[in-house]
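Right after this note come the structures.
What follows is a pair of complexes built around chain A, which joins chain B in one and chain C in the other.
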Partner chain A sequence: MSDAALNSIRLNPTPVRTIAGKDIRDALRDRFILIVTAFLGLAALVALVTGAIALRSDVATYEAAKASLLALGKSADAIKAPEFYPLRLLRGAIEQIEIIGAAIAILIGYRSAASERGRQTLALMLTRPMRRWQFVAGKALAGIGLLAGGLALVLGGLTLLLHLMSGIGLGMDDLLRIAIVWAVAVAYTACFFLVSFILSLHMKQPSHALLVAFAIWLTLVLVAPQIGDTLDPDNQVAGGVFKQLNIAKPDQIQIMKGFATFETVRDGIEQASVTKHFERFTFAVLGIKATYAGMPLGPILIEMLGNLIWIFLTALGLGALALALPLNPDRLAKA
Partner chain B sequence: MEAAPSPGWLIARQSARFVLRERTVALLSLMFVVLVLVSAWLGWSATSTVNRIYLDAAAFLQAAGQPVPTNPVLDISPLSLMRNMSVYVALIGALSAIVIGNRLIGLDRKAGVLPLIGIRPLGRNSYAAGKIAALTGLILALGAVAGVVAVATFLMLPVITLTGTQWAQLAGFMAVTTLYMGIFGLIGLAAGTWAKSETVGLLLPVTLWLTLTFILPQLTANLNPTAAINPISALATPPDTSFFHGAAVVLGPVSLADAYKFASAALLDYLPQGIASPSFIPPVINLVLATGLAGAIAWRALTRLSMTQGEYNV
Partner chain C sequence: MPEPMIRLNRLTQSFDGVTAVDALSMDIAEGEIFGFLGHNGAGKTTTIQMLTTLARPASGTATVAGHDICSEPLEVRRRIGYVPENVRLYDTLTAAENLIFFARLSGVADPKRRVAEVLDLLECTYLADKRVGGFSKGMRQRVGLAQAILHQPAVLFLDEPTSGLDPMGIKMLRDLVMRLNTEFGMTIFMNTHLISEIAKTCTSIAVLSHGKLVYHDRIEAVTARYGDDAALEELYLSLTPVGRLAEVA
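Showing the complex of A and B:
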């Protein structure tokens, strides 16, 4: 390629936009994205509705118990009223994004790379006057854009439903929190998109790449957090070990000081997974974790900055890797 | 002179050999074995940590002059050390089975050998029986590996001795585990046979697996996805509302992940008292019925496969 042509490419980002636009049009035309987004939306909707029904049942139980106490002439202070923070109802939906959203990102990454290989069009495209990084960047932008759109639809729908269902409506602060969660969810799912995209682009057989990507998904999304969760001593005994031993919170902390190494290992296993960082961040921002309920957004963001950095650095690192790895045209035919 | 092996046996042997050569199958099977080992370590580590916490707490309570409750570890059956295996089987075991089922038919279709097989003196039934026999053999092998790890763990760990009944319960758990993987293997085989595209053949059973593992437990017991993969949290009592009662009646029999969790918890002695499976059908019977249904679907798909083409679309 001549210097003049290369300069023209450097100045004009059209190839990236063209490839991204074409990929988005292809994805929308074959309805794959719509189907997987509908699946994620259904999973999130089920989580929201079942959570709301369970909460309504808690409130009814509380009201019945309160009425019984008052009828007996006793004070209702003895029983704790169920707390209602509307955003907490998003817990199940966030967990579905954490698991199914990441799986969908893997599928989009696989399709993005495998489609050109399947149609034998990749080598042809690379004969066009463009840099190889532009081809990769266009594909990656399209995939992440589709994920962002799908997540916006799902979270937007849930927000609307929550606003109508909660009875008290959602304020600007709530909407801001959901918007932040959306942005972080895009970065989180982008990590899995990029893993699958890189593997599908570079492994000899794309179908093998898909399976390897699923193996990584299993390890990061399901196994690592599950190991950390299982090693939590409080999860070993129904109701919690300290509760069964009738030990107060300050004494629990004192006893657990002797298990500092164990807790460090347990936390380290959890921390190794980008999923746990996503969960910690979103649970804090939405007040799902009790200690953050009712807390202003600013201090939460400062406290959760480490998790945020981890998620974005993982996505950026994988993005840089996708751009840096040289494409081998001989490997880009249908396997 | 030796009698020639039956066509079904030839198909089964050749298919199993080809699948075992696949690197992805080897990778997933290796992951499964590693996770089975991890589950044994997790069970031991978590239980011994609770025991040490109890000893520290007992000393603390004695010093404070407070009554010391009984050690919760003593209430736990040694079999429950293996409770994490039920989670890993539901995750990686089921996924491995789907991939094995998919590759058993996918390799023939991709290689374009179906027309060649079709012209041989071989009935469709023999072909279907051979494929299902190959799947059965491979799933049994996976189950056997998990069983060997479980048995070795109990034989190696000091202080733990199982009674005859407990060994029988462990054998029952391994049988249920093999059955559960078999269901997904058969679904993988059916989807791989029926689908026009290789990707769809893999994605259909994976979507079904995601639905059974993470969506149905939410409808039957208000169980969030991360709780669904914790062996203890997954055994929660559903909220006492007409919605969850209705959902349990309608969806309970098809909620196979729930059936497997409850069957495992009962066999490994960690099912809390007063908690039962959401389905009105007992969990083990539920899994047996599901295996029969999945087998019938796989048989129908295989016996109706067009031998004249068979190759996947792009």
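Showing the complex of A and C:
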């Protein structure tokens, strides 16, 4: 090659951006991505509408009871009006992101790696003047960008609907809470994207990688949080064992001391699941958990900092692993 | 004597204890069209993977355009183009979008202009705005070749470039390869099964059998000794185990 020709070539400073841009353009033309995003949006919408119907039913019941009392000439103070926190209606949507959002992230991660294998485009990329980590970073950036965009669409749409449905509208504090939940949801789904992406890139058969990724999803999303919940001694009776038996708080503490080892194991199982951290954090920020309803955002964030750190450290750790693992070209050429 | 464009020095690769390429040593001069022959599994693709920096050799060394494949992979990548067997590209993107993507990754200064030039050179400007998903094998191969020459590489690696092409497609590809060699001075390293293509296109050949180099010479020497295409086929058959099995049968 002549010097002039060589001089016209510069070492591309932005292969990460180039790969990410290509992946996003490719994905937006792929019906699969559009269908799964629409599916998540629909599931979240159904959950929101179901929550709204339940709330409307509570309000109707209250209004009927109030009208009956007033008709009898009695005071309506004896019955408590249902509390209305509009963000609580997002509970179903959060649960859909927890389960379906994580599953979609796995599919996007698998697609991101497997689509390059077999059709040999990976070999074309890796024979360009760029570092291997730049390829991984570009792919990861695109995948996480797609998740961020999809979640923004879903949560943005639900926010608009909530604003219109609630009648009282959403304030800046509510919008800030939803924005925080969006950012954490991106980090949460990124964990599953990265697990699937790493496995699909490095395992001998990408299809096996998908199975392993879904086994991990099953364990973290469905099994571990359920084990944590169902093994909780206080959850053995509806409404709580201690509450039903009218056991005072000091006595509760005394009783639970006898279950210290059991509780450590149970809590450990729960803590191991990034899903549980996501649920605890989002339920607190949105006031879905009664303890946090009406509580200012600052103290909630301080109390939930551990959950937040866990989610972001998991995502960052997986991202670092994806960048650090050396690529095996022999594997990359096989579908 | 000028330094060869490609130099292999006891290049070796093995997978799971099986030696795929066994201490391969040879030189390929600048401006050659080099034909690399061998039966399936002989180690041709593995050799290309090492020379294009896709795989690290287990032992031995090689240089491409004067740069070591292990210690200077980025410098090697700046100077090579690679067309794998059955290249598929991105189906949802148009030919131009695919090429602009690869031009950007190669650091081409003005990707759009260069893509237009290359499509014009390969006489396939009409494919520019069509999605690759609907392309025939021949069209894909043409775009595949285009992506490999966007950055004007010194060496072009082609892995079974005529695989799956019809006679017209094979002729078109042969003409293109010869043009790239004569007009732009590219050194071509081509894996192939097709003896007839070797005779019509290459300036030197080598035969690989079970990872070992069993023959390497200039094409004139071969044709002077054996005369025509049929003799070249006899040479290949006599040098490879597949050929010996065919003789027994």
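The criterion applied here is as follows: the second predicted complex is superposed on the first by the 296 of 335 C-alpha atoms of A that agree within 3 Å, B and C clash if a C-alpha of one lies under 4 Å from a C-alpha of the other, contacts with A are read in each partner's own complex, and residues count from 1 in each chain.
Methods note: a contact is a pair of C-beta atoms (placed from the backbone, for glycine too) under 8 Å apart; a residue touches a chain by one contact, two chains touch by 3 or more.
What you see is a predicted model; the values in this text were computed from it and never measured.
**Student:** Going by the contact rule set out at the top, does A:96 touch chain B (first), chain C (second), both, or neither?
**Tutor:** A:96 contacts chain B only, not chain C.
**Student:** So, does A:25 touch the first partner chain B, the second partner chain C, both, or neither?
**Tutor:** So A:25 only meets chain C here.
**Student:** With both complexes superposed on chain A, which partner does A:208 reach: first (chain B), second (chain C), both or neither?
**Tutor:** It touches chain B, and chain C stays clear.
**Student:** Examine A:226 and indicate which partner it touches, taking first as chain B and second as chain C; both and neither are also allowed.
**Tutor:** first
**Student:** With the two complexes superposed on chain A, say which partner A:68 touches: chain B (first), chain C (second), both, or neither.
**Tutor:** neither
**Student:** Using the superposition on chain A described above, determine whether A:291 touches chain B (first), chain C (second), both, or neither.
**Tutor:** After superposing on A, A:291 lies clear of both chain B and chain C.
**Student:** In the superposed model, which partner reaches more residues of chain A, chain B or chain C?
**Tutor:** B
**Student:** Using the superposition on chain A as set up above, list the residues of chain A that contact both chain B and chain C.
**Tutor:** 119
**Student:** What does chain C use to touch chain A in their complex?
**Tutor:** Counting only chain C, the residues touching chain A are 15, 49, 52-55, 65, 74, 77-82, 84-90, 92-93, 97, 101-102, 104-109, 147, 151-154.
**Student:** Name, in rising order, each residue of chain A that touches chain C in their complex.
**Tutor:** Of all residues in chain A, those touching chain C are 1, 5-6, 8-12, 14-15, 18-19, 22, 25-26, 29-30, 119-121, 123-131, 329-330, 332-333.
**Student:** For a test of understanding, state which residues of chain B touch chain A in their complex under the given definition.
**Tutor:** 23-24, 27-28, 31, 35, 38, 42, 45-47, 49-50, 52-54, 56-57, 60-61, 66, 69, 72, 76, 84, 87-88, 91-92, 95, 99, 198-199, 202-203, 206-207, 210, 214-215, 218-219, 222, 224-226, 229-233, 239-241, 243-244, 272, 314
**Student:** For chain A, which residues are in contact with chain B within the complex?
**Tutor:** The contact residues of chain A facing chain B are 39, 42-43, 46-47, 50-51, 53-54, 56-58, 91-92, 95-96, 98-100, 103, 107, 110-111, 114, 118-119, 207-208, 210-212, 214-215, 218-219, 222-223, 225-227, 229-231, 233, 235-238, 241-242, 244-247, 251, 254-256, 258-259, 262, 279, 334.
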